[in-house]
Amino acid sequence: MSASKKRPTLDDLDLSLGKRTRLHRILYEYGNKNGTALLLPIDQGLEHGPVDFFANPDSIDPDYQLRLAVEGGYSGIVFHIGLAQKYMKKYAGKVPLILKLNGKTAIPSDKYAFSPQTASVEDAVRLGADAVGYTLYVGSPAQGEDFIQFMQVREEAERYGMPVIVWSYPRGEAIEAKGGRDSLYAVDYAARVANELGADLVKLNMPEFDEKKMEQCPKPYNTLKLSPEEAVRKVVESAGKTMVLISGGSKISDEDLIEKARICMEAGVAGLIFGRNMWQRKHDDALQITARIKEMMMDYSA
Amino acid sequence: MSASKKRPTLDDLDLSLGKRTRLHRILYEYGNKNGTALLLPIDQGLEHGPVDFFANPDSIDPDYQLRLAVEGGYSGIVFHIGLAQKYMKKYAGKVPLILKLNGKTAIPSDKYAFSPQTASVEDAVRLGADAVGYTLYVGSPAQGEDFIQFMQVREEAERYGMPVIVWSYPRGEAIEAKGGRDSLYAVDYAARVANELGADLVKLNMPEFDEKKMEQCPKPYNTLKLSPEEAVRKVVESAGKTMVLISGGSKISDEDLIEKARICMEAGVAGLIFGRNMWQRKHDDALQITARIKEMMMDYSA
Amino acid sequence: MSASKKRPTLDDLDLSLGKRTRLHRILYEYGNKNGTALLLPIDQGLEHGPVDFFANPDSIDPDYQLRLAVEGGYSGIVFHIGLAQKYMKKYAGKVPLILKLNGKTAIPSDKYAFSPQTASVEDAVRLGADAVGYTLYVGSPAQGEDFIQFMQVREEAERYGMPVIVWSYPRGEAIEAKGGRDSLYAVDYAARVANELGADLVKLNMPEFDEKKMEQCPKPYNTLKLSPEEAVRKVVESAGKTMVLISGGSKISDEDLIEKARICMEAGVAGLIFGRNMWQRKHDDALQITARIKEMMMDYSA
Amino acid sequence: MSASKKRPTLDDLDLSLGKRTRLHRILYEYGNKNGTALLLPIDQGLEHGPVDFFANPDSIDPDYQLRLAVEGGYSGIVFHIGLAQKYMKKYAGKVPLILKLNGKTAIPSDKYAFSPQTASVEDAVRLGADAVGYTLYVGSPAQGEDFIQFMQVREEAERYGMPVIVWSYPRGEAIEAKGGRDSLYAVDYAARVANELGADLVKLNMPEFDEKKMEQCPKPYNTLKLSPEEAVRKVVESAGKTMVLISGGSKISDEDLIEKARICMEAGVAGLIFGRNMWQRKHDDALQITARIKEMMMDYSA
Amino acid sequence: MSASKKRPTLDDLDLSLGKRTRLHRILYEYGNKNGTALLLPIDQGLEHGPVDFFANPDSIDPDYQLRLAVEGGYSGIVFHIGLAQKYMKKYAGKVPLILKLNGKTAIPSDKYAFSPQTASVEDAVRLGADAVGYTLYVGSPAQGEDFIQFMQVREEAERYGMPVIVWSYPRGEAIEAKGGRDSLYAVDYAARVANELGADLVKLNMPEFDEKKMEQCPKPYNTLKLSPEEAVRKVVESAGKTMVLISGGSKISDEDLIEKARICMEAGVAGLIFGRNMWQRKHDDALQITARIKEMMMDYSA
């Protein structure tokens, strides 16, 4: 890995005291405490509906994820305002809260995808959160509204010293016509946008290589076939001084998950944000695979 | 019922002093005073028009519902700002006011349903209300505007310690294409959304099982046929730490109504919000069935 | 008339000191001074254009209407901000000003009718007005924008103790498909909406019974054929504690106008708001019929 | 001319001290100093593009118009914020500035014409302007947005005592379908709208009589054929206590221009606002015709 | 060149102390220090995506451009908020920062192009920037939203004494139908709009002469064929007292670039803003051509 491709650490970033203090908690005081982050997101009840909880009925109770986050030693848990306010008090301080600030249901069309605010940075401060999450639908026809909403969140976060994690998701009719939301073109662009607009961390999906869809991608992406690790390395580079978190997506097998996690870490990401792959497993299974992933992540201290 | 499925009580919730004080009035100082709520809504004149008053002409005068609420010993009455300001003074303190903060007429198309604000939380404070009501059209293409409007109401309510009851109603062209607004899929999703976005209580309709429409629901809802009680239990679980109120819908017979009410209580709801089923009955009939329902609800103290 | 159907008086309403003081002027200090109101509106130059002045060329000068209002002893005159500021000073205090706060031209399509603000309640306070007027297009697809704009006007009016008269007008493509803007269904709904949203007075048109259009009305309005007086009585009841003003519409004969006025008063309205029927008549004719109507209204003191 | 048709003077208007002071400068301290106004507008570079400067290449430099305005002794010059800030300092106080507050390019379609704000009244105060200009697209489908924007400008102008000149221009697809933007129907309506909404002065185009288009006008305008002077007299009457300025339109011959100017003054307008007709002429020619027009305007002191 | 066509200098402009101080740094304290500006923009990662970095993989790291800017002695570097905050600290004060305040991705359609804000002028002040950049899509159907957003930026910049550079870009379906975004008609109009709306500097593309597209341009542009230098001279004249920067566009050969630069300087522009043409070259090549261009620019001191 060239110097410029190494993942950024807190020392590489020009963060305010508040942001650095809070990120330090996520990276060095919780989880592996080695500069990596393993986050447990539980916003799928809003984004997908209760349908995601059928695979493991216990998971419908947010307390399930909280116990997993605390017992598994996660670096943070991601909640919308309602769940944070109603479920976290007894776990206060045991696991950092990342308050998700916007979201939407999966019911209406995604052609003009826009994720409206559901909470403010001030809400996050009030609840003792250590970061906020914001979904940016890169390339959506609604990007005008989205960028402006994000700017306001970014400025409010700057004022309060609150780190901002951007869920940088290509979405909308235009990206579907240019190779789809999971193409390297789309994810690579999304990584750069997060870096340009001022994210502190960026959550990305692993690029996928669908030969048919690739043809629709702009040059040179239409012929650029990379290995999974090369692809992640590419988007990490585009994210620059924005730490990258890779999401898990829908549930896969233990070995596949660990393999995926290792590829990402190897490629220079700062952490993993695995939701369904964790809490759709039974509590003990989830703890077990959590432990294995954390152990693997110990190889990537920074 | 597993522990996690028991309905939440005030002790389970992490409420501010103001919210707890006001909800305590609704749950323990008025109505059955046993932790359940029986609410009388009278916003149908706006939502449906005066057409709903034809069945019982006396009901067109909001004083009719106020007398019913006071004499029947309801836990609260739901009004829009105009009715609250003009009719409640002589009943002040005799029955809690829930101020409905948004609403719309039934005249234009519901494809892009949105319920605009008609009053503010500050109006509710000024009028001595003990809660506010907000209609959220879950899944509407206008959800962007709706979520943001709700966030502002939620934050204003937080500031004033005012409990928020969300009318969580699936609505709009997209939900119609996915099995309709009354499917378990739709109601279950709506319950979770209210929990995620920060409702204190959520008003839901009982799910309906229309075989033809079910086919259009996403998996596994398209094949999930539950009994009425199982269905309510399901949505109560999705609502989590958000107390559930079930609405009555259009007028049904005494026995059907009591049966419906018992099923709901049995399934773990915190209360009932019956409008047309009450005030479309003659005063004495309404008082009588109110008494029977309240008696039944005494079995569900918490 | 049953007690509940009698028209409301100031004592029946729960008004702030400022609102009561100002309405008292309109109802008891000017005009008939007997609790009824006869208002002279002159906003047609904006709503219809100068075309309405062709019938009586003198009427193009707002001074014409002001002289009529003062010499005829009207309870108030209705102006938009421009006319109020430019023409009223020499009549200051001689006739109450009702400042119309929104309006539009008749040029673009009415499918999505919306009446934007042209002045604020603060403007009305500054000009010494005794009430403000607001046009609400009930049932328009733009009702979201309209309700929110009205809420802001209502709250500002509450703050300043300024009475609000709502021009409650069914309008837009949806109401045209359901029997039209003048059906009993439409006017009755509009009366209730004004009551629910917090109008102090509501201006309505007399319902019309067009057999062909009635078929398109929702049940039971599609078969509900009432006499003119019954129809007005019906909408007065729907308006509840909101005093009703009936508008005159386009110019009709002296006898028809007086007959219409008497029917309305008999049915429980609090007043009349006759514009074109007055100022499209020559000054002396207008004074004469004004006197006859006022004399008739003396039978309806309250 | 009947008394009511004489053009209004400062004494007829009920202006605040600030507005009267500033208008007095335009009407009595600069230009003819006889109560008439001759204004030089130079916003065509924005509204039409540099294309308007081809006829007289010198005119592309705003200094050209400034020299013309000062040497010709105009009552005021009309600029957008950029030109005012960059070009006026050396002419400060030598000719009043009218700051144009909104504008648009001619590139996109005019179907839904809307003229967005480019500067605020506060900008005008800061630059020492004596009036502001606002383009109102009467009858545009965007009138909702436009009226509200204008209300805000009007209220800000009221606060600062700044006179408001409304460019009252019929525009948009609906007026095109009703006889076009230059019909008497359209201009007459626009004159009244400016009066109703609170303009201090209104800039209008001379009505045109195109027989084919007239058929599309609403009654009785579809058959109303007036002489140019009668037509101007008609719109002056509709403008009421709003002083009328007539614009020059595209360049015409010296004699035609003077004839047009005299017709307008004879019909009761308060002034002329001639742009292209002036600065598309060579400097000396423009000074010469300016002098002739000013001499003619001396016959219309007030 | 006539006096009026010479490019404006700081002395010709009526700038506030803050604006003059900051522009003086860009024009006389950095770069050639002779009143010209050579700027290095690096917002293409947002506007085009990482695709622009394939030609020179090192360029994906913003540090690459920063080193080039400092070592090459540029007058300023253009960044969005994210890159400025994350990469500039170690180069603080070594090269002026121009903070780009709005931007968009290239993914959705450009028919209704609008560039939403990504940062505020206050952000620029906080970061020690010496100017802000704003993209104005001249002629877009979204110009209403754009002009208003720009007005707010301009007023905020005025308050803080921050120079505003407008990227004045013809864009949207209407300009495509009138000869395209690069026609002389389009660029000339864009130059004037920036001058009228209050830009301090304007960034323009060199007009192109495509015979087929020219036919669609409005008269007389449809037949106006100018040499490159004449064309730039024309737009410089339209920009008036707004200093012009010409952008480089996609990468061309050394000789072509220098020739283009000289033509522009000769025609009266104040500076060049060359991005891809610089950082798509290898570091040493970029330094070399930078030196050659700067040397040429020394002929144009002012």
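To keep things simple, chains are lettered A, B, C, D and E as they appear, and every chain counts its residues starting from 1.
Going forward, a residue touches a chain if its C-beta (ideal position, glycine included) is under 8 Å from a C-beta of that chain, and two chains touch if they have at least 3 such contacts.
Values in this document were obtained by computation on a predicted structure and should not be read as measured data.
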Comparing which residue numbers subunit B and subunit C contribute to their contact, where sharing over half means same and under half means different, the two sides are different
Averaged over CA atoms, how far is the centre of subunit C from the centre of subunit E? Could you give it in whole Å? 57
Let me have the rounded angstrom distance from the C-alpha centre of subunit C over to the C-alpha centre of subunit D, please. 35
Note: subunit D residues in touch with at least two other chains are 145
Once you draw an edge for every pair of touching chains, what topology comes out, line, ring, star, complete or other? ring
Within their complex, state which residues of subunit D touch subunit C. 4, 13-14, 138-141, 143-148, 150-151, 154-155, 170, 172-175, 178, 185, 188-189, 191-199, 218-221, 237-238, 240-242
Can you tell me which positions in subunit E touch subunit A when the two form their complex? 43, 45-46, 49-51, 54, 58, 60-63, 80-83, 85-89, 102-105, 107-109, 114-120, 123, 142, 145
